[in-house]
Structure formats: structure tokens, C-alpha cells
Amino acid sequence: MSARSRDTLVRAGAPVALGVFVLVAWQLIVTVGEIDDYLLPSPLSIAGQVVEFWPSLVAAVGSTGLNALIGLVVGSVVGVGIALLASLSRVVDYLSAPLVAGLAVVPIVALAPVLNTMFGADSETGRRTIAGLAVFVPVFINTLRGLRQTAPVHRDLMRSYAAKPGQVVRVLTIPAARPYIFTGIRIASSLAVISALVAEYFGGPRGGLGSLISSSAATSAYARAWAYVVGGIVLGLLFFVVTSALERLVTPSAAFPHGTTDSTTRTSSTSSTNLSNTAPRKELT
Amino acid sequence: MTLHNPSVKSVQTTDAVVATGVSKVFDAAGVTALDGVDLVVRAGEFVSLIGPSGCGKSTLLRLIADLDEPSGGTLQIFGKSAKQARIDQDYGIAFQQAGLLPWRTVAANIELPLELHGFPKAQRADRSRELLDLVGLSDFGQRYPDELSGGMQQRIAIARALAEKPNLLLMDEPFGALDEMTRERMQTELTRICAETGAAVVFVTHSIPEAVFLSDRVVVMSPRPGRIETVVPMALGPAHERGDQIREDPTFFSMVTAVREALHQGAPARGTDNR
Amino acid sequence: STSGDDSGGGDGGSDDLTPVSLQLQWLPQGQFAGYYAALDQGFFEEEGLDVEIIPSGGDIVPQDALVAGDVDYAIAWVPKALGSIEAGANITDIAQIFQRSGTLQVAWADSGIETVADFEGKRIGSWGFGNEWEIFAAMAAEGLDSTSVEIITQDFNMNAFLEGDIDAAQAMTYNEYAQLLESTDPDTGELYQPEDFSVIDYNEAGGAMLQDAIWADTERLESDEEYQETTVAFLKAVIKGWAYAASDPEAAADITINEGSGWGLTHELWMVNETNKLIWPSDNGIGIIDEEAWNSTVEGALSATNESGASLITEEPPSTAYTNEWIQMAHDELEGDDIDLTGADFEPIEVELTEGGE
Amino acid sequence: MTAPSALDAPPAVRPARGRGTSPRANLMRIGLGAAALLGIAVVWELYKWLGPSDGLVIGEARLLPRTSDLAMPHIPDMLTRLFEPVTRADGSPPLWLEVANAAAVTLGIAAVGWLLGLIVGLALSLVMVRWRLAESSLMPWIVLSQTVPLIAFAPVVRSWGSRIEIGAFEWQDWMSVALIASYLAFFPIAIGALRGLQSPTAMHNDLMKSYAAGWWATLIKLRLPASVPYLLPALRLGAANAVVGAIVAEVSTGLRGGIGRMIVQYAGQASGDPAKSWGPIFGAIILGLLAAGSVALIGGGLRNYRRAEVSA
Amino acid sequence: MTLHNPSVKSVQTTDAVVATGVSKVFDAAGVTALDGVDLVVRAGEFVSLIGPSGCGKSTLLRLIADLDEPSGGTLQIFGKSAKQARIDQDYGIAFQQAGLLPWRTVAANIELPLELHGFPKAQRADRSRELLDLVGLSDFGQRYPDELSGGMQQRIAIARALAEKPNLLLMDEPFGALDEMTRERMQTELTRICAETGAAVVFVTHSIPEAVFLSDRVVVMSPRPGRIETVVPMALGPAHERGDQIREDPTFFSMVTAVREALHQGAPARGTDNR
């Protein structure tokens, strides 16, 4: 047991230790090297700016965060919806496949200027559309993959129960796809934040993180720019952590970990029947 | 809605399965999996299908279950079409993989077919308790499948197949993934369960001792195109009286030998088939 | 100057030229016609300089490029540079090319926005990237809080204004204002006319700040004699360039178009002409920094706060922030030549704008 | 801004034999793909025709776009604009040529960024495979790195880079752009390579141990080949990310000649010439497809390493 | 470098495996997998390990192969430490899954260990041809694993294990994933191969008939903590003389019974272990 808890301690502690080390080294380099804030702001002066501009930082995080959130929600809903249609109809599948494949490799931010004109520069809709498009791709791809995860044995079972199509979707397809859907949303979460933020560079209402970063940098107020960057990082992290938690919640093997190696929990070595592991295990966590 | 309508299901005078000249061609692959199969499984009878890999055992079972459609011949399940029998839930089915839904508790897995067919909650709970007792896993109803061993999962799958008290049980290598000792234990248990429910069973297996131990008749199939080679009748006495000691009985060994020989007759000479 | 002798040597002369780089603050266009003209007409070469002009755009900060040592001189607006100086940049304004601000705030004629005081509660466009400070300074002068308006980032076109997303758009006399006049009024099918708009000129409304200036590295100016010489030579060529642009705007527009300006012909000509108006006439002489204008720029920068509560600068800039020393030397050296340093006779031309500026 | 989604699940298994691979199915696939593109164009024009001219505004938010020619030029206009000269100046090349040139510049920069990302990503994944501690301490930061808005870095990278001058080597501005492109590209590659390098089963590792094969031998004979099916989609995503990174970095460092600059520049002229600003956008789209497509070609050469995808 | 140095490897006077009081505790899981295991496998001898799932068969095999380290006791492989034996490539190993590398041709898979140990190309090619002959798959050298059936893949895995002519073969349920008929054929083939190579074999299996058919001695293990329960000596005559007909021989059945009983003695009563 102690070995196990030591292991988790190392896993959680190592990144924190690395982070602290980098921060301290950064501060030392700036302090000892007497590097001007102008060239490289130190962590402490960035922290000072965070404190000084706290209200506007919070407002900016709120504004960019709202855009990202709306993009995430709308993009996810649309992504799941179209994926559902594509899993049910081969025509929809074939129609959407090339578009999504294209969308996946196309620089969506390039659309920012024209979207701003289309939706109006006083409107956040253009940015939200960018975020939504960026979110749509991974959610769609993962959902579709998830919807195709139903094992043949389960499909046979449903048929043997003479289950109606609606019942199959409710009882089998959606639950099997759920971990995949949330994996897609988790991946999309940081994309939503970055896209919403980058889109601010191409116009629209001010007050978000992106526009404040650029206007701070324009007068060489780099420590302040970094303070807003920190806001962006925190926002991205927040999205990531929340969506990761959601993902864990719906992934069966994570919800019910093999806490023990007690004989009752271990399947025989010849058995490959343990289907619970069909849920995707993530590389990112 | 009641779980069991004796007037319809219990009094079975017709045969469980009647296959006449059944054949199956997989067009896309150009494979003739079954060719002119005739088979009758009487009500309450335990019939095993045995044969080399790819001879069409699973295909035949899937045709009976109406999971696939035959290319030729006719199939009657309790005197109805296979499709009707499926819709009426005349059979229960179990596969090599237990195929439990990992996001449902064990009890909810057993109740799944009942839920799909609209049985009220209380009745479902009763039935799953009953079935958990039957397979000896009463304490595990609220666990999740991945907390169970392979053998336990397979017992749950059998319980699920029995949920609607079918008069026909279709099983495709249900013990194939278990280790030998667990397997023997499961076999003994299955004979007991069959004796209790009185259901007919069509059982696919690769193991000769298993087929011999369980069956009233063993159907030996030959490969490509799948045909019934021989039917070897067993004589180990009534199912519920078969105990572990039978496995050491000379009759048992002689039947094993009989099936082995039937099997090897149909099999091609060593070396030509490289599987 | 000895440059005449050098270039007389023939083709091999370029080896003797001093390499100099100049960082612009935007893409090549008529706004920078004087520098490109100096390049094209060989004025730099005459002064013994081999000049590379580096365009910019986006959020590149010319004064940062200067501080980083990427370039020898940079063109930047004074307020933005003041911010950089307070952040630690050690740079000096050595020539104030634009004597006036070219920034307008344009609203529809019927919008009721006639003065900065009318901004309150309106959607006010600005490009961001530090171009917003004049607005805040003008509002501060009116006693308006920066939070009393909604600031919207404009694209570098006038679509947002034309589509009605913003009530008053930021526009440079030499560029965006022309874009409006090059657009068709859907109601009449004709081009928009000046009377369709209500134009606020920050020079009159207050808040105007000094714009395009040439910045040099303070430290090198103090200690590097070669740099000092180069600076004077450079300024001389620039003066000649701008004089050329004033005398022949058509030719200057052709030069910038050939240098990669993406604008149409009439738009480019308009831009050169309007830029000339910001430079000429120059009462003290081109490039001389007017102390009063400087002080009012500093005052505006001190008083303006943006919507996040940040102000451009919090204390007076150091005395090194500007000097007339070098531009004066350039003037002195050019005295004998046939160049009008004040542009007393300057007459802008009339440019007829066409649809799309083509 | 593309997704590392393909990395999250094991490599896609090709469709089961006998389904969807027949020539007829392929034809249908291509046909419907083209139909999808056409469909978008039709929806665009239909909406432009029928939609409310000021879009659909509910409360504060405009939910549907405006239909004016300024906001939504006709698709034929966008296409014909491609073949008209960039400006009215004499000898001005057609727009498409200008766009193609810019795209080529960006593609070159993105390719360098991609290569750099490949090197960094592979190196990181090797370190993480070698030392568990490295994995647990680096991984969260690698994930975190992608939540950092890279634009914030662009001016910094550029100004730092310009200070680098080693002998004859002098830092060029395009290198800053390539560096930022690699910042986006390395992520999917590092993740994909790590998953791929860790994909051999315990049994395969045991086998190598039983041969007394060292870490490097195991890497070369087992881990690297096994990582191919994971690496290929990762490389494709890396390429797409490199393109995005290059475009965004061009905008924010002000590098000229590439498609990013062109997007901003033409957007500035959109009031007078709305169709023109779509030129570089089409260029960017083609660029993304081209980059991902050329990486897909690499996959063709490594077919034998992808057998597991078929047989698994 | 030569493939086979007779002076070192062929003349084996020492025992292949000598385990004395070997135990294994998995600290992290707190599981005692093996406890005081004593076992001697003589050179050229075929020994099967059989026992219920989780009794430590694989663990014991892995200790012999030096894939894990024992917590207590000593292990000697041909008189050396397990580690030294691994480095000297004194054994070949095969698992339940063939574990061929899918990107290598069949021949290249067989040659993998030789390649790792620096044998020249020509010699590798000779040896793989030889081994393909031995397992009866001469025509398949240039194919890829996914083009082969499960049984064929397993034969390739055995060929690979034999590549360096080891005097000891370690096999962990190598036929566990095959169907019964293929399995019987593979067993016959394995006896022939063993007779030809003269290697000692430690063979883990779940199947009693398989253990009986193949082995000189069957080691029956008991679970938790894994111990050797009984060692049942077999007497079916020399390996190369065993044919299929032996499976129908009364001696065969009596030995199956003997192993079954040894196994059930050690196993807990039905119902307490729910596997």
C-alpha cells in the first residue's frame, strides 16, 4: 500500500516540483542576471501585475471564457448531433467525412476576419463560431468513433432481444460512446480557449484576454501582457480540468478502478471477456 | 404482463428446432458456410455442435437465433419462423464473450431484456434476485462486471439468457474463455440449471469432453461447406444426476473416443489444412 | 558631406556604404512614401548609406525591434514609444516627421455624434495595438471615463462601420477615411461623399498626439560617433525623400506601389497627398520636435487610462526621450542645398477617389 | 487550432473486409464528398438570397450572418476574383498566383516548423519512455503548453531570436515563425509517439528481455516499428498544426510574403474589394490539405508497419 | 560466431532447471504468488505445470526465464544463475499469444533473436529455412503474420523459440488460444519437435489431456500461495512414439484421471472460490 501511495505522490509531485524549479530558476536568472523586465519579465513582476490588474483580468477571463464556453457547448452539441446522424445514415457519413477531414487540417483562425464581417464587429458571435468550429472537429471524430464502438456481441444481443432502434441507441450505443464523447470534449476544451483568444486578435469587441495581451504588448508592457497570458493559461487549465473530471466520471474503468488484486477482481488469464476496458484510456492524464 | 404464461410456453409439444436443408452463403466473401443442414432438437433436449474451426457452428446457431438469414432451406423454432421466435423471445442466447454492459450493475445486466420488454421494476428485481441465486452469485447484484472474474461474468451472461424463462437456450462456446477447472465447474452447474428449467439447449463447443459431459446428442460437423457429419447419441443418464465422478467413468471415455473418431473422420488429413 | 565623392567612384561604391535598417510600423504604403522615395531616388546612397526598409504589421512593435538591435532606426507613434520607454526602452525621438495627428473619428452625419462628448454610451471603434490612446486622451480631456463607452476593435477596414457595428470609427485621414469615400452608398448607388459623415479631428477636439517619428537608440546616440554621423546622414536623406514626395506625389505613389503596397492607384495617391499634409508645411522645419506638441502628447499619455484601468505612462518621460540635436544638424548641413525645409510653398493636390480606390 | 483527437484512441482499424471498400462504395464516397462541397456553396447562396439582410439578431447576439455582398460575397465572385489581377497596376499578376506564391512561402516555413516539432516531439517521447519520472513530470506541462496562447510568444521569440548571431549564422525572421509553428506541431507528435512507443504489449517486452536485448535494441527492433501506426496520424496532425502556427505567427510577427500576412493585408482592403479577402483564405485551406496530404504519402511507404491496423 | 557449440551446449550433464525453496511476493499487490517451490527438470525432460488460474504457473515460468526475480530461494538453469542463462540464451520461450511482430515477414520474425545476437545474414536465412521446415511451413517464409491462421502463427512462435537451439524450452499455454483439433495436431507436432531437438521443456497448461499427452511428469500446483501439490509421473512411452491413437488408450485415460484427482485434491471445495 505504501508503495502505491508513494507512486501517486511521485506522479503528482514530480510535475509540481518541475514547475516550481523552472519558476525559481527563471526568477533567479532575471534577478541575478539583472535582466530588465523589458526583455524578460520575472515571475514576481508578472505576479505583481496580476495583482494590480486583478479586476480587469477577472473581467477579461470572464469575457474570453464565456466565448470559449459557448463555443465548447455549441460545438459539442452540434458535433455529437451530426455524429449521431452519421452513425445512423451512411449518406450523412459520406457527406460529412470529407468536410470534417478538411476542417481538421484547415486553419480555422484564418476565417476570423471574414466571420467578423459576417456577424458584425460588435458581436462576439464570430469568435464563438471560431471556437465552436475548433471544438466541433474533435468532438465529432471521437463521438463517431465511440458510436461505432458497440461490440458485435452486444449488437447481436440487442437483436436477439428484438430491441427497437430507439432502444438500441438508448441502452447500448450512447452509453458505449459516452466516454469517447467526453474524451472529445476534453480535447476540445483547450482548443476552445485558445481559439476564442486568438480570434480576438482579428477584431471584435475589446475587453477579452486576447485584445488586452496585444494592447499591452503594443506599448511594451510585457509584464502586464504576461499577466493576461497567465489568465489565459488558468482559463485553459480550468476548462481542461473540468472536462477531464467529467470524462473520468463517465468512463467505467476509471469510475470503478481495480483497487485490489484480490482474486475476485481478476479475470482468468485466458479470458478476454473483460469488456469494460473498451473505454479509451487517455494519454493525457 | 407476466413473466411466464404456462399455457403458451410450458406445454411444449412441438420440437424446439427443426432445420430442413438449411444452407448459408456469405455472398461478399464468396463462402459457403453451411450446405443442406438437417437437424431436429426436441423440446428439453441438450444438443452440442462440434467441429473444426470455421465449419459453420456459429453460423448455424446465428441462423436459429435469427441473427442472420439462411440462403436456403427452412427453419422452425417451436413451430414458428425464426423471426417470430426471436420476437416472441422464445430463446435465450449466450456467447463466448459474456458481453455484459460494463456501465450497468450485474443485476441491471440481468434485467436488461426484461427492461426492454417493459416488465415493471419490481418484477424485474425479483427475477434478477432469483437468477442470481440460481447461478450462485446472490451477493454480487450491485457490483459492476469488471469487478467479476471471467467465470462469474459468464454465469451472469447465462442468468441473463434465462431471464425470460425461454424454452430454448442457444450457447456459442460459452465456456471457451475459461480455465479448465472453472470450466468443469460451470459445466456441472449448467446441467443443474438445465434440469431445473427444462429448456432445450443448442450448445457450440470445441471441447469433446465438454460436449460429452453435457449433451444428450453430439452433432459432429465437417468443414467447407459446413455439413452435419454424424450425430453421436450420448448415454450418461439424466442431466441432473451427472456428477463430477462421471468424468472418470469408462463410459465417459468411450464416448469421448467415439466423438473423437467421428470428428477425425470428417477432418482432412494432417498437413493439408494448415490452420 | 563627402558622400558625393564616394558615389563618384563608380559601381564598386556600395562596398563603402554604411548598412542601415529602418523598421516601419506598418505595411509599405504611401504613409512611408518619403523613406521609399529616398531609397528609390538614391538619396540614401548619396549620403553613403545602404538602407533596408523593413515593413511591419500586426502586433510587431517597431521600438522593440530597435531596442533589440534588429534595426538602427524605427518609425513609431510617440505615445506608444512613451509606453515602451517607461517599460525600459532606451530610445530617443530624433525627428518628428508628422507634425500633426492624422487620426479622425468618423460617424454618420445623422448619428448625432459631433464631439468627443457625444461618445458617451456609444460603440467606439479603434484598432487596438496601442492606437487607442488618442481616444482615451480626448475622452479624459472631456472628463469621460474610458468605461463610459464600448470600445470595439476594428479590423483594418471600414466594414464594421459601414455595416453599422460601430457608431464612430477610427480612421486615418490618409487611409481609412479614403476607404469610406471609395465605397458605394447602397441607397444612391454613388460613392459616399464627405457630407455623409460627421468627422471629429483630434487635432481640433483635443487628445491629438504626435505620430510618425523617427526613433534612435539613445545609448548609441550618446556614445557611438559613427552612429551619430549615420544619423545625420540618414535624416538628411529622409528630408530629401519627403521633399520629393511633396513635389511629385504621383511619382512617390508609384514608388510605394512598386515596393509592394497593395492599394489601388488613386488610393495610394490620396494617401501620399494626405501624408504630405501631415508633414508640410512645417513651421519649425521638417522633423523638428515642437516642445508644446510634445508636452501635450505627454500630458495626454499621463491622463489617459484604458478600459482595464491601465494608463499609458505614470510619470514624465526622461529628458532623453527626444532631442532636436540631430535633425537640427541635418537642417544645417542641407541649408545650402535647394530644399525647402519648412514647405512654405507646399500645395496639396486634388485627388479624385474612385470606387475601391483603383 | 486543430485537434489531437486521432491520438486518443488506438489507430483506426480499417473497415471490415467486404464492407465499404468496393469500387462502388469508393465512388459513392468521392461523389458524396464532392456533393458536400457543392452543398455548402448552395446553402451559402441560398442563405444569401433568402436570409434577412441584417442577419438574425436575438437580443444582443447576431446568430445568423448578414447577407450583404460585403459580408458574404457571391461564390462565383470569389472564384472569378481569383483570376483577376491583384491590383490595377500594370503587370499585376492574377490573384491566384499571388496567393499560390504566398502559400508556398508559408508551406516552406511550416515544413521547417514541422521538422523541428518532429525532432522535439520524438526526443520528448523518447525521454518519457526511458524514464517514468520524466513522463510524470513532463506530461502535465506538455499538456499545459498547449493552453498557452502562442501569439503571446510571437513578439518575444522574434526579439530574442534577433539577438542570435553565431558566426555566419544569423537569425532570420522566418525562423521565429517556424519556431512558433513547431510549438504547435510538437504536441501531437510527442503524444502520438509516446503512445506508439508504449504500445508494445508486456509480452513483447518480455520477449525482448528474454533475448537479453538492451534498451536501444528494444527501441529499434520493437518500439519504433510498433509506434508507426500511432505516429502517422500524429504527424498528420502535427503538419496541420504547423500550418496553423505558421499562419498565426506570420500575422503576429509581421513576417511578409506568407499567407498569414496576406490574410490581414487583404482583410484591410475588404471594404472596397470583399471578394479579394477570400483568396488567401482559400489558399490557407488548400495549404492545410496539402500539408496533411503530403504526410499521408509517407504512410504509403510504411504500409508494412501498419499491418496490425488491418489484422488486429 | 557459430550457432551451436557442441562442446558447450550439447553435452548436458547438469539438470536443466533446479528450483530450491523459490518464493515470490508481489510487494505492490501484497500477493504471495509462490511459496517454497522445489522443482528439478532434468535435461531433455518434458515437465508440465498445471493448476487453477492464479496459482502461480506463469510466475514460476517467468522466474525461470529471469523475466522476474524471486523473493526467496535459489534457481539454477544448467548450473548457472537464471540471469546468466538468459544472457547466454540457454532457453527459448513461447507465450499463449504468438506475439509475432506484424511488420516483419514470418522468416524475419524467426530470425529476430539471431539478428539481435549479431549472427550473419546468410546463417540467419539458413536457420530460418531449417526451422520453417521443422514446423512444416516452408512456403510461408515471405508472408506476413496476419496472413496466417492462429495455429500457424503459434508454430512460427515455436520456431522462433527454437532459433538458437536452446536446450530448454519455456512455454506458457502456447496452445491456449487454438481450437481443440488444431491443438491436438500442434501437440503431436511438439512431441516430434522435442524429440528432434532433445530440449527440456517446461510447459504451462490448463488442459489435463494436453499435459498428459505431452509430459514426462505433470506438476500439479495449488493456489494461494502457489505450491507444488503433487508431481504425477507419466508413462506413455518415448515422446516420438506417441501418436494420436494414444489419446484413446486406457492408460491415457487413467493418467488423465490421476491428474484430475490430484488437481481436485488441491482445489478448494466448490462454492467457496467463485471463479
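A, B, C, D and E label the chains in the order they appear, each numbered from 1.
Definition applied: a contact is a pair of C-beta atoms (placed from the backbone, for glycine too) under 8 Å apart; a residue touches a chain by one contact, two chains touch by 3 or more.
Everything quoted here is computed from the prediction, not taken from an experiment.
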| item | value |
| --- | --- |
| Distance in touch steps, counted as few as possible, from chain C out to chain E | 2 |
| Between the pairs A-B and A-D, the one where more C-beta pairs touch | A-D |
| Most remote chain, CA-based centroid, reference being chain B | C |
| Euclidean distance of C-alpha centroids - chain B vs chain E, Å | 34 |
| Gap in Å, rounded to a whole number, between the CA centres of chain D and chain C | 37 |
| Cα-centroid distance, chain A relative to chain C, in whole angstrom | 43 |
| Distance from chain E to chain A - Cα centre to Cα centre, in angstrom | 48 |
| Multi-partner residues of chain B (each touching 2 or more other chains) | 149-152, 179, 182 |
| For chain D, residues contacting two or more additional chains | 66, 70-71, 151, 155, 159, 251-252, 264, 267, 270, 274 |
| Residue numbers of chain C (touch at least two other chains) | 59, 61, 64, 67, 155, 159, 163 |
| Touch list for chain A against partner chain D, complex | 10-11, 14-15, 17-19, 39, 91, 94-99, 102, 104-111, 113-115, 117-120, 123-125, 130, 134, 137-138, 141-142, 145, 180, 183-184, 187-188, 190-191, 193-195, 197-198, 201-202, 209-210, 213-214, 217, 222, 225-226, 228-229, 232-233, 235-237, 239-240, 280, 282-284 |
| Contact set on chain C toward chain A in their complex | 59, 61, 63-64, 67, 79-80, 82-84, 87-89, 123, 125-126, 128-132, 150-155, 159-160, 163-166, 306-310, 312 |
| Chain D - residues contacting chain C, complex | 66, 68, 70-71, 86-89, 151, 154-155, 158-159, 162-163, 251-254, 256, 261, 264-274 |
| Chain E-facing residues of chain D, complex | 201, 203-204, 206-207, 209-213, 217, 221-222, 225-226, 228, 304-308, 310-311 |
| Complex interface listing, chain D residues touching chain A | 1-9, 12, 28-29, 32-33, 35-37, 39-40, 55, 60-63, 65-66, 70-72, 133, 136-141, 143-144, 146-149, 151-152, 155-156, 159, 191, 194-195, 236-237, 239-240, 243-244, 247-248, 251-252, 259-260, 263-264, 267, 270, 274, 277-278, 280-281, 284-285, 287-289, 291-292 |
